[in-house]
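Going in written order, the chains are labelled A, B, C, D, E and F, and every chain counts its residues from 1.
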Amino acid sequence: MNAIPPFEGPEHRWTGEGSSRIPFWAYTDPAIYRRELERFFYGNGHWCYVALEVEIPDPGDFKLSWVGERSVIVVRDRDGSINVVENRCAHRGVRFCRKPKGNARSFVCPYHQWTYKLNGDLAGLPFRHGVKKEDGSVQGGMPADFDLKQHGLARLKVETWNGLVFATFDHTAPPLSEYFGADVVPWLNRIFDGRRLTLLGVNRQRIPGNWKLMMENIKDPYHPGLLHTWFVTFGLWRADQQSRMVMDSHGRHAVMISQRNQGGEAKAVTEGVTSFRKDMTLNDARLLDVVVEPWWQGPTVTMITLFPSVIIQQQVNSLSTRHIVPSGPDSFDFIWTHFGFEDDTEEMTRRRLRQANLFGPAGFVSADDGEVIEFSQDGFRQKGPDGETVCELDGRGVGPADHMVTETLIRGMYGYWRKVMEI
Amino acid sequence: MAVRTGAIALSILESQHRMDQLNAAYGEALDAADYDAWIGMFTEDCHYRVVSRENYDQGLPLSIMALEGHGMLRDRVYGITNTLFHSPYYQRHVIGTARILSDDGRTLHATANYAVFRTKPGSVSEVYNVGRYIDRLLHTREGLKLQERICVFDSEMVLNSLIYPV
Amino acid sequence: MAVRTGAIALSILESQHRMDQLNAAYGEALDAADYDAWIGMFTEDCHYRVVSRENYDQGLPLSIMALEGHGMLRDRVYGITNTLFHSPYYQRHVIGTARILSDDGRTLHATANYAVFRTKPGSVSEVYNVGRYIDRLLHTREGLKLQERICVFDSEMVLNSLIYPV
Amino acid sequence: MNAIPPFEGPEHRWTGEGSSRIPFWAYTDPAIYRRELERFFYGNGHWCYVALEVEIPDPGDFKLSWVGERSVIVVRDRDGSINVVENRCAHRGVRFCRKPKGNARSFVCPYHQWTYKLNGDLAGLPFRHGVKKEDGSVQGGMPADFDLKQHGLARLKVETWNGLVFATFDHTAPPLSEYFGADVVPWLNRIFDGRRLTLLGVNRQRIPGNWKLMMENIKDPYHPGLLHTWFVTFGLWRADQQSRMVMDSHGRHAVMISQRNQGGEAKAVTEGVTSFRKDMTLNDARLLDVVVEPWWQGPTVTMITLFPSVIIQQQVNSLSTRHIVPSGPDSFDFIWTHFGFEDDTEEMTRRRLRQANLFGPAGFVSADDGEVIEFSQDGFRQKGPDGETVCELDGRGVGPADHMVTETLIRGMYGYWRKVMEI
Amino acid sequence: MAVRTGAIALSILESQHRMDQLNAAYGEALDAADYDAWIGMFTEDCHYRVVSRENYDQGLPLSIMALEGHGMLRDRVYGITNTLFHSPYYQRHVIGTARILSDDGRTLHATANYAVFRTKPGSVSEVYNVGRYIDRLLHTREGLKLQERICVFDSEMVLNSLIYPV
Amino acid sequence: MNAIPPFEGPEHRWTGEGSSRIPFWAYTDPAIYRRELERFFYGNGHWCYVALEVEIPDPGDFKLSWVGERSVIVVRDRDGSINVVENRCAHRGVRFCRKPKGNARSFVCPYHQWTYKLNGDLAGLPFRHGVKKEDGSVQGGMPADFDLKQHGLARLKVETWNGLVFATFDHTAPPLSEYFGADVVPWLNRIFDGRRLTLLGVNRQRIPGNWKLMMENIKDPYHPGLLHTWFVTFGLWRADQQSRMVMDSHGRHAVMISQRNQGGEAKAVTEGVTSFRKDMTLNDARLLDVVVEPWWQGPTVTMITLFPSVIIQQQVNSLSTRHIVPSGPDSFDFIWTHFGFEDDTEEMTRRRLRQANLFGPAGFVSADDGEVIEFSQDGFRQKGPDGETVCELDGRGVGPADHMVTETLIRGMYGYWRKVMEI
């Protein structure tokens, strides 16, 4: 029979110019995905989010986290610094650490008890020099040239940023400040200015869609005022608001900034918007009892996408990091860590917790984001490798914008993606 | 033939019956998407929370759903029925026998294990959310009412979204 | 110490006990493939149906199994044991507390949620069929008998075949 | 290391002549399967069954259905005609319609509310012309050259046939009458003569086997009198009956026609047939209370296979369509829609419902068809790519037959399959 | 209004209540990894076995866990908590209403169907072990105690390991 | 775009010398796995374990078993001999036998009732010669040249070994005695000396790891005294014991032999061993109530790995076979069959059953073997194709050893594996 083209592989070409039409195979092809892991999550100078410092306050405290598909241990060392090491024994590959959180003086792989320091160095292993018998002869042991230094846990380069912890397998990666870029840093520092954080909790959801769809979703100022009734109805996010779309120089990171208005009707942005509910009011206003915080300096919403692994959310009084953990081309885990500040009053904490009802897997304005991402992947899958999305709102180019009626941030991300993926 | 071995106060059997019936009705109401009936099982000043076991065990306050009073319950129902876009699904509750931890005739504390199965119409059923109800109830003229129900779930990785109460 | 709060007629506790025991015995009989015991729980003129939620909710009459009277039940059992070629599997029923909707001492209406797990010998267990029993029963000298049991299942996509009653 | 032959791909050759020996890889190879989707379900002039008209009686009524692996919406338009459009938004690919059935005035994708007419045309989208500010300046919007006409839902070609609805992505497909062919049409019209149908209900089963195995099963007159005790014992289907095997000129569609006899013993066809039960009688005869219907004109059973997507069943008084929805090489969903006729008496409806006990996932004579299909796939899988089936009953050629002791219809289908698959 | 149809001895309702409460407490103890409470539900001379349905039905004596008396139960608990390296997981029991087969006021025989769901922290829940408890209990001053519990499980292909009792 | 290297295939090279560093792809690559099936489980003269004779004592008794991924029927023929035939119908491939155990006079495939003798020969099939009509004409039937002999079930070559049953698809395989080799046979015969066995029962576990990891685990005398508290604490297995590591001449089969000591502290082997519990004693000594059996002739433990499919265990009084049934590169089923001897006293049977608490999916010293195998596969998967294990305890060469401080048996197996796999 004549050759049958495999689903994945070389015959995939991105023929069009620019980045306003994304081919479906960019979301479904396993080989594309493996290259994404190599280049975005494990290499090419990219940093991944792994934790908040407050999750491991004391020496020896550790938590398991993820860099791409690789399990890593984030641990605070005796000197208070933070190490990130891969959770894979150097002897025979065992992912040995199984407790999601804990405190350790060292790491011991149970299989043969190879023992590692908190920085991943191999401290020792049983019978390295064999077992001495009565007659003095020695049985077994590791070869004479065995070098402990060559057999530690894979160690990642680590940087913290006012309470955030980032890591990378690429030890040639630039410093975080350079990685984030001058346009994004101020918005990051607006939230993370060195204040101590408090941990409110973690929520997790498994979303059966390609990981990039979540980045798109938070680089898409077009949808919130349309998909999310609460946003348009209560004026949390809608096209008649003063807003700005910021990008780093590569187009990979972005910030969506906006200032809430009073909501209600406004011909230009609610007319014909089926999700708008003219007469909707809350039975219990406490769900949206917004109180302005001084550090906001205006904006009520800032959504920061730090490519490829994390989204940082300020939605009025609700704060969280959202960690993207990809697993295959058509699924990722999305881990929400909600936090506040050490100087929050009890009321403010209760307020943040009440507003948390809007977010996460059950959130009034986030549950449906997970749903549409699932349905997008459904659509890509059913069509097969050809077919493409159309991201041409506000043109086909890439650049910052001072409004929401644009898909420029998405185009920015795929412009960068094409470059790095060499596609 | 069975022999009687130490009496149990009838009130205990009665409270047990009331509690198990409430749980059965609770599951049936949610599985039938009868949200008015669902709200009716709570007191006006109720607390309803759905929280992961990891947060609950660590004493972290975050829930995935945390509602206070009938008003918020109604707001949630409005979200389910009017504002939250989602793929519809069936729920099916199977709830174990309740354990009554205390009952002073006014307030009753109880727990029960539950399993909720999710089925998208026309598709197969999957284990969706399993956990434990931790309840505080009041004896009222209309019978037992939930003053607080905390759904502490084991299924920490939510299968995409959780739209309806469990 | 528990305090008594409004009596419940003993007859209610008794009917509840009978109904829950019937469901427990029902599940055990099917899980043990004891089909004579299963048939014995129905009245001679019984109706037994297994119907998808989509058909039931739309008022469409089609079932995947619809048997009338002991004769048809026996014909089904003969099919299971003699004529229907299939890969054998275990069933395991877990049934929630029944809700008694009405009971006039002669006829009793009740519902209960159920989950049936399927396991092929030597293999893993899977969620097979979850749904709700909708029952009409008669009080008889030999205790409660099912005059009608409608198994309305959520699991609309049947995992290939359904050989045994649920 | 020397190259390891991948499981799928070019090394698969169908060496033998004819179509009486089907290689196992025709049932298991993912690449073969993808080509099947392209050529049988999406192209090459093939039509797929999608619905009964009676399921969507009124304007705006829609139901979700499947063409191959692609989700489609079957909707009745204002003028009473029926449209079939792909359930995939032209903007960013979302499979947006999630309700299995309903009534709509238009289709709105929730993500950004692109709105489509019932015929799939894009009616409009929010902020297409941007948002006008107080100062009159306009923010965002689609490019000037954006053409609504280019961004509708994929629309399928549709034809109805006396209550049946068929659709195809291939707009060059021939008319249905030509597609079915002159030999099959009369048998279709015998059931579907223009009478109004009534909907009795739908049953679904997921069968873990290749989709072609179901077509084979209903092109296999050899098995019913052997596998199905009821058929041989009650004379519903057995080799001593008067029967005919009809095929279209391509060998892809077929009709198995037979006339019931009184059953019981008959040396030639029951001797040694272990499924035959000499003394079996029903405890309740109502399960098989057959009443001849005038339109039968003789035959008590007609099983019509309309390649690739549907089987139409008349088994005495039980009528149904059986829709094949493939998903991967080793699984398909099988959707049974039982129907009757508007002029049926209540007794006849009850009769059809009682006889429905023979069919579907729990059916006395159908449950085991699903089982043997699963076991066939088990057998193919365990053997690996080599190995083949032997379909040589009644020779190795292809042609109609006036009896049941033949596998000619299966050979017919695979002859056609080889041609179209170019294998 | 319900009518009383043939009395049921109160002792039967009481034993039923005790048995179902024991099962509820049993599941809760294991799901909370409270192993002292778990041991406390057995008599000193107890037998506890977890055995596959295939072995049980063929009369083969092999179990995957077979413990005799509090000592062995304690040894198992020590293994779970100190010596058996494993990935921690949550258990969730959902247990059906018990059937009391006999009760002479001293010894009680009962059965119940159970489903145990396993969840690795931060992950999804899966059907882990479903089966049937076959019990012999004693009425004691501290209430019912398990003298023998045989967990006969359908889930013959164990999902890698089974560390905790079911 | 430039070609994306597929995960599997030729680019995998084992560059290093010897067999002390096993590349992760040897455990994860589907193409490697398929070659393993072909060469180790189905060909190249390898034998697989399928049953104990005592499981099918009487003529007609059969049980389903596995050779690699292929389902086989092990059946005792009328003459008392044992046949092993593949469970796949020669007609259209159905895996027809579905009962795990039973008794049969012949095998009948339900689909069309082709009937096979207990040795797999096709005995007959319905309507082979067609159906004769009243007028004497014949309808259908198999072609004149149809030869029953060509259409039997695939038959395996079978040999029994004092109660063990082995089979192979490779009819050119050498006799078992040659296959096991002179160094292994004596240890096999020590347990299986012709005594009648008794069946205690079967336990099953599905281990999500590569099948070779289980062979490694039982060729790894290094881990038991470290991973398994009971072994080191109660002296069942620890480095200060007298022991021997035996291999066949190919390095594929092995025996780990050791003699229990009194346990307790012993600087050389317990110091720093975190799993050692100085003060641990059993609350109920019956769990470890070891009684020496005369046939032991010294050794208290012999663990025999018969590559590729079975492990034979003597751990003090506990005896079992452990059957490896691979399914894909990253999972296998592990089936434990515990047995005793016909002349065992009741006490001895009870003792074997009590000691069974140490083994199987819930075993005090085996449950964690399954766990570490799962975690190994996790580690391989997360790292991707590069990365390798380090098996260099006691050097990098291959040879027998008179102690436990060695990974020589693992190196032996992979030396053989490379040769056969031509990698």
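In the analysis below, a contact is a pair of C-beta atoms (placed from the backbone, for glycine too) under 8 Å apart; a residue touches a chain by one contact, two chains touch by 3 or more.
As the structure is a computational prediction, the values presented were derived from the model and not from experiment.
K.L.:
What chains, if any, are shared contacts of chain A and chain E?
P.N.:
Of all the chains present, those in contact with both chain A and chain E are B, F.
K.L.:
If you take the chains that touch chain C and keep only those that also touch chain D, what is left?
P.N.:
B, F
K.L.:
On a CA-centroid basis, which chain has its centre farthest from chain C's?
P.N.:
Relative to chain C, the chain whose C-alpha centre sits farthest away is A.
K.L.:
If you average the CA coordinates per chain, which chain's centre is most distant from that of chain D?
P.N.:
Chain E.
K.L.:
Take the average of all CA coordinates in chain B, do the same for chain E, and state the distance between these two points in whole angstrom.
P.N.:
24
K.L.:
With chain centres defined as C-alpha means, what is the inter-centre distance between chain A and chain B in Å?
P.N.:
Chain A and chain B have C-alpha centres separated by 33 Å.
K.L.:
Between chain A and chain C, what is the gap in Å from one C-alpha centre to the other?
P.N.:
Inter-chain centre distance comes to 48 Å.
K.L.:
Report, in whole Å, the distance between the mean C-alpha point of chain A and the mean C-alpha point of chain D.
P.N.:
Chain A and chain D have C-alpha centres separated by 44 Å.
K.L.:
Residues of chain B that touch two or more other chains: which are they?
P.N.:
Chain B, residues with two or more chain partners: 12-13, 54, 85-87, 94-95, 97, 115, 121-122, 124, 127, 156-157, 159.
K.L.:
Among all residues of chain D, which ones touch two or more of the remaining chains?
P.N.:
Correct list: 98, 100, 110, 204, 206, 227, 275, 368, 372, 375.
K.L.:
Dump the list of chain pairs that touch, please.
P.N.:
Applying the touch criterion to every chain pair yields A-B, A-D, A-E, A-F, B-C, B-D, B-E, C-D, C-E, C-F, D-F, E-F.
K.L.:
Would you mind writing out the residues of chain F in touch with chain E in their complex?
P.N.:
Per the touch definition, chain F meets chain E at residues 100, 199-208, 227-230, 275, 277, 280, 282-284, 286-287, 333, 338, 349, 353-354, 356-357, 360-362, 364, 367-368, 370-372, 374-375.
K.L.:
Which of the residues in chain E end up touching chain A in this complex?
P.N.:
Those in contact with chain A are residues 85-88, 121-122, 124.
K.L.:
Please output the residues of chain E touching chain F within their complex, sorted ascending.
P.N.:
Contact set of chain E toward chain F: 50, 52, 54-55, 58, 60-72, 74-75, 78-79, 82-87, 156-163.
K.L.:
Please output the residues of chain A touching chain D within their complex, sorted ascending.
P.N.:
Spelled out, the residues of chain A in touch with chain D are 1-7, 24, 216, 222-223, 226-227, 239-240, 268-269, 272-275, 368, 372, 375-376, 378-384, 387, 389-396, 401-406.
K.L.:
For the complex, give me every residue of chain E touching chain C.
P.N.:
Contacts found on chain E: 1-8, 12-13, 16, 53-54, 94-99, 111-115, 127-132, 154-157, 159.
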